[in-house]
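Chain nomenclature is as follows: A, B, C, D and E, assigned in order of appearance, with residue numbering initiated at 1 for each chain independently.
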Amino acid sequence: FGGRPLSAQSLDQFTINAMPATPSVVVAHLVENNALSAHVAKATLKVWRTPDQMRAGVLSGDMKVFGTPSYSCANMMNRGVPVRLMNIMTWGLLYLMTRGPEIRSVSDLAGKDVVLAFRNDAPDLIFRLVLRRAGLDPEKDLKLHYVGTPTEASQLFLAGKTEIAVLPEPASSAVILRGMQAGISVERAIDLTEAYGKLTGRAPRIAQAGLGVSEDLVQSRPELVKAIHEACVASARWVLNNPASAGRLGADYLDLQPAIIERSLPWFRLNITSAAEARPELEAYFNDLMEMSPDIVGGRLPDDRFYWGA
Amino acid sequence: MPPAPALSIQGLSHSFGPQGVLDDVTFSLPVGRVGCLIGPSGCGKSTLLSMIGGLSEPTHGTIAHAFRHPVFVFQDPCLLPWRDARDNVAFGLKAQGVGRNERRCRAARLMEVVGLAPDDVGKYPHELSGGMRQRVALARALAIEPDLLLLDEPFSALDLGLRRQMQALVRRLIDQRNLTAVLVTHDLAEAVRLADCVFVLSGKPARLTARHDIARPFAERDDGFVHSEVNRLLSDPATARALAVEDMGHGGGQ
Amino acid sequence: MNWVRDRASRALDYLWGGWGAAASLLLLTALWEAGHAAYGTLVLPSPRDTVAALVRMGGDGRLLPAVVETTGNALGGFVAASLVGGVLGAMAGASDMMRRLLQPIATLMLGIPAIAWVVLALLWFGGSGLAASFTVVVTTAPIVFSGAAQGVRTLDGDLRRMARAFRVPGPMLVWDVYLPHMLSYLFPALASALALSWKIAVMAELLSGAGGIGDGLATARVQLDTVKALAWVLAVVGLLLALEYLLLEPVRRHLQTWRREAQGGDSAMTRGLL
Amino acid sequence: MNWVRDRASRALDYLWGGWGAAASLLLLTALWEAGHAAYGTLVLPSPRDTVAALVRMGGDGRLLPAVVETTGNALGGFVAASLVGGVLGAMAGASDMMRRLLQPIATLMLGIPAIAWVVLALLWFGGSGLAASFTVVVTTAPIVFSGAAQGVRTLDGDLRRMARAFRVPGPMLVWDVYLPHMLSYLFPALASALALSWKIAVMAELLSGAGGIGDGLATARVQLDTVKALAWVLAVVGLLLALEYLLLEPVRRHLQTWRREAQGGDSAMTRGLL
Amino acid sequence: MPPAPALSIQGLSHSFGPQGVLDDVTFSLPVGRVGCLIGPSGCGKSTLLSMIGGLSEPTHGTIAHAFRHPVFVFQDPCLLPWRDARDNVAFGLKAQGVGRNERRCRAARLMEVVGLAPDDVGKYPHELSGGMRQRVALARALAIEPDLLLLDEPFSALDLGLRRQMQALVRRLIDQRNLTAVLVTHDLAEAVRLADCVFVLSGKPARLTARHDIARPFAERDDGFVHSEVNRLLSDPATARALAVEDMGHGGGQ
């Protein structure tokens, strides 16, 4: 694809690179329905597997539209990569899972062992922020066991290493499913998005992830970007209304079990909002992250151009 | 004449895979005596020696001896390439648990005895000449005060003078300490000079085809005696045939 | 010990050897089963389930393409690493200067975590299997390099002089003199590198999303499907064991031909060592 | 060639050797700089920035503890792997039966991706550095094993017989006969394993969240801070190169003592080879 | 008597590190002649030979010769352990580019010539006896049809009969093909039997201390002649001193 001059005519082919997570069923639906047929002859969906892949793709210009955590996109922009955030698709997907009934609120966590993944990454930062706001010192008042990925966290949690795990979707749905199969009762004890909202005095929403878009596409084909965003909005409505069909649809693209997709959809807070509209919430989120780890968005808030608006 | 045999070999046969090497070899040797094995190249002398020393087992037959410290000088010097000359000489001593300083001292002394210069002490095997390596191997064997010497062409790479010296040294040790020795050599003069008993192997597989006793005490074996003894050996048809020298006349000059 | 006894003992030895490998595999399976009993399916699925999943995956037609792809990536990297590592190692073994020049590069390649390469590799090779092959080369070439260098360096000086005296031309010097000696050093290095190749290929596929078994493993992990994940691993391991017994072991025995003793004396001795 | 010339040529050789290493490092730095120019900071930060970041991290007091922790994990695993791999390898070299028993296990350990172990390791060792050390052992022990087995197997039969003839007791047999020969096989295996240890330790820390450099690297990656990430890698590499020149190279030279030729004839010959 | 020297050595000195080995050695040898180096063990004979063959360079002095195919029989057999006896014999032929079948054929024939049995053909060096290894090395050298033979104690591990046979073989080749040879040996009888000119090295570092021409043609050298020649050599004080046999009388029996 790369350096071909973009014209006002329709493109032969266009690829959207989605995240390896449930919200990508929205993109799957959009592609399946030829929602971009006015602009692109053939739209395809590719799911990247690791952030490295996404980064390399964006840097090399292969990925024009890509699923990304919001802070990652801001970070890339702050480091000089010409990208913007198109929209936010998911508004909070972090849950505190327990194997017993005793945890009902954040303050119950004092003195407990918790397993979680991705140290210093956004989920960890959010969790620690919540703890702090609730008056707990993450270093002293409870014991955090970090592991590499949610997979390890889930396995250790299910194997009984800890009673509590902090897991993002779809790992939290998977853990419930596997727990059921293994006869272990697993509960979503705390919705950390809600807890976060309560403690910060905001709505229970975290502008976590959405689609990023390269500056060069925004400049050369603004109408295509707009069409993608609008198709997302339409597809999201369908997905929310037809979770079972969405599960089947996503299974082919995401290589996830339909059951897991279907079960996890309600927990994603799926709501397509353009970045410009979401700007206040994004900035609040970024500020909170920076409070914990200044470098996570590249040291400063992204400037105006970051927030794409329809 | 011989007292109770200290080494006795009975009906010994050996083969490597399908190839027979030794066939029904029987002989014995009393304590304090030197037996010498001669025979054509490849007839199984080294193999026999290694069986006497217990390094391999005969296919058939028995070897009986009461020696507690048999020692080898192999046909190849078999030095440890990663040890210098002195440590190679001291190898057997170390195996006996002799302390470091003492064994180094004794090794250095023995190296002198076999005619190595003080500046050869620290040389590694690849820096030694062929004859020097052979002498290191000899010194290594003599160091551990054995009671049975198994010498496989131990002087083959030495010059005339050194060879005579080493022969005298070995025979003196044997007589002084009442050792027993089995010597393999291709040099009839050496055999006649050192041995009390010469065993001739030949054939394929090899059998013991002749045996010559040499009665005169070592001290009285002068060059004339050696010369005439060699001629006597070669005049024995079995021996001459074994060494394939029937057609050459009885030249002791070899 | 006569010839018949010798033959018989060698045949027995071979049989025993096969038993040894079988015993060892059975022991491992028993350990695995015990681990399963202790930790449950979510940490360590049972051998039976895993094999069943493997068979199912085979039936689905998902196993073979992935295995072929990973095998291609691994073998491609391995062959390249053997050539590059072998040739440069031989040069480093022959000249001190070369060694000094190449050794730091080898150390570097061994020491830099794959994760530091992965973005570069992705940029150079896209998402294709080449990125995985590249990672394999980077990790295994230095191992082959060390072995080759040591092999050349340790050739007996006398043999070298002999070859020189006979004015042996270059290719024959390499083929008849250096290589047979080097092989004894190269072989363990190559065997290690070969086994390592699959593991590295799988990890690289996982990191770079390049498809193959790594992809399958990643998917199974996301779904917390430990049975399927272990089935993928089992596929790799089975392949490696097959390679070990169908390729490496015969080669190992063949390479030993010229060392083999006709009698049993020596092994009795080494038994004494243990 | 007289003695003085010989000495002088050896000194020169040494100097040249140092130059060789320096040249190679300079070349790599130049390549790095070129890579930076081509791909920009986000893919490959410049050497200058990276060193500056390293110095800054050192000043912050974050570098040293992480390096010490990873070094501990890597070295601990390496030492255990050397012992286990060396001893079992020696046994496998001495007896065919043992080799058949152990070889599949070695292949397995080499071939199973770390990611398959990590949960078990976490269960056994918690989030401590032991999980990383364990991964190091699992990967490097088979490499040492191969080298040790080959070393024992290839000892000259004549030397073995000689040692037997002198009734060398067990420990001395190991120390004076087998070990010096084995070292020539063990050394490249150990050197490879040592360099590999850091890389594996870092990757394992990253996978198991066990702290150390792996942690720093993970954080830098999350922050897309390629400069800091590369600085961590540089810390590992610097350590490895220091080890190479302060430890391995002198040992390598020392091990060669008994092979050294007094004259220059041979190297002229090997130069002919190249 | 000598025609233009084919091999001429001028003021040759050599040292290993600080240790001088050879000092100011000068001699020459015409084409078709056999020169023999004798001297005490470790005096530098092998070193000198390897310099003549171009395997190492002298510290001082020059070696000039016009031979195109010098060939070595080293003191150690130096066989490739990973090639069987036949392939070892064929090694030099392979180096010359002779095709596989032809070189195998020629190697097998040569092995017969040096007295190896047909079933030794496929044996690896460690399965050969010492003397058999030496003969394989000799066969390997003779295979490539050299013009200069450098023989370092080539018969030391052979029995009497074989040794005579091999001596005759080598001398016949030399005479037939007008080869030149330098032979190192510790066996004076061998020196006298084969050589046209015996050079005696001795001292530390070693110098050329004596030289004996042996004029009688090879065919006419019978045992009696050899015996008396050896005695003549040993009656030369420099030679006797070099071999450290002054005190032993002139026994030719050795």
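Just a few scattered comments:
In this section, a contact is a pair of C-beta atoms (placed from the backbone, for glycine too) under 8 Å apart; a residue touches a chain by one contact, two chains touch by 3 or more.
Since this is a predicted model, take the numbers as computed values, not measurements.
With steps allowed only between chains in touch, the distance from chain B over to chain D comes to 1. More contacting C-beta pairs link the chains of A-C than the other of the two pairs A-C and C-E.
Taking each chain's centre as the average of its CA atoms, chain D and chain E sit 48 Å apart. For the pair chain A and chain D, the distance between C-alpha centroids works out to 40 Å. Annotation: 25 Å between the Cα-based centres of chain B and chain E. Contact with two or more other chains is made by residues 16, 55, 76, 126-127 of chain B. Contact of a single residue of chain A with at least two other chains is seen at positions 55-56, 59, 149, 155, 159. Shown for chain D are the residues that touch two or more other chains, namely 39, 43, 119, 123, 157-158, 161, 164, 206, 221, 259, 261-262.
For chain C in complex with chain D, the touching residues are 13, 16-21, 23-25, 28, 35, 39, 43-44, 91, 94-108, 110-116, 119-120, 123, 139, 142-143, 146-147, 149-150, 152-154, 157, 160-161, 164, 170, 173-174, 178, 184-185, 187-189, 191-192, 195-196, 198-199, 202-203, 206, 217, 221, 229-230, 233, 236-237, 240-241, 244, 249, 256, 259, 261, 266-267, 269-274. By the touch rule above, chain A contacts chain D in their complex via residues 51, 55-56, 59, 72, 75-76, 79-81, 117-121, 145-149, 152, 155-156, 159, 161, 293, 295-296, 298. Of all residues in chain D, those touching chain A in their complex are 39-43, 118-119, 122-123, 126-127, 206-209, 215, 218-219, 221-225. Those residues of chain C lying in contact with chain E across their complex are 158-159, 161-162, 164-169, 172, 176-177, 180-181, 257-259, 261-262.
Across the complex, chain C is touched by residues 50, 53, 55, 70-72, 74, 76, 78, 80-84, 91-92, 94-95, 97, 124, 126-127, 144 of chain E.
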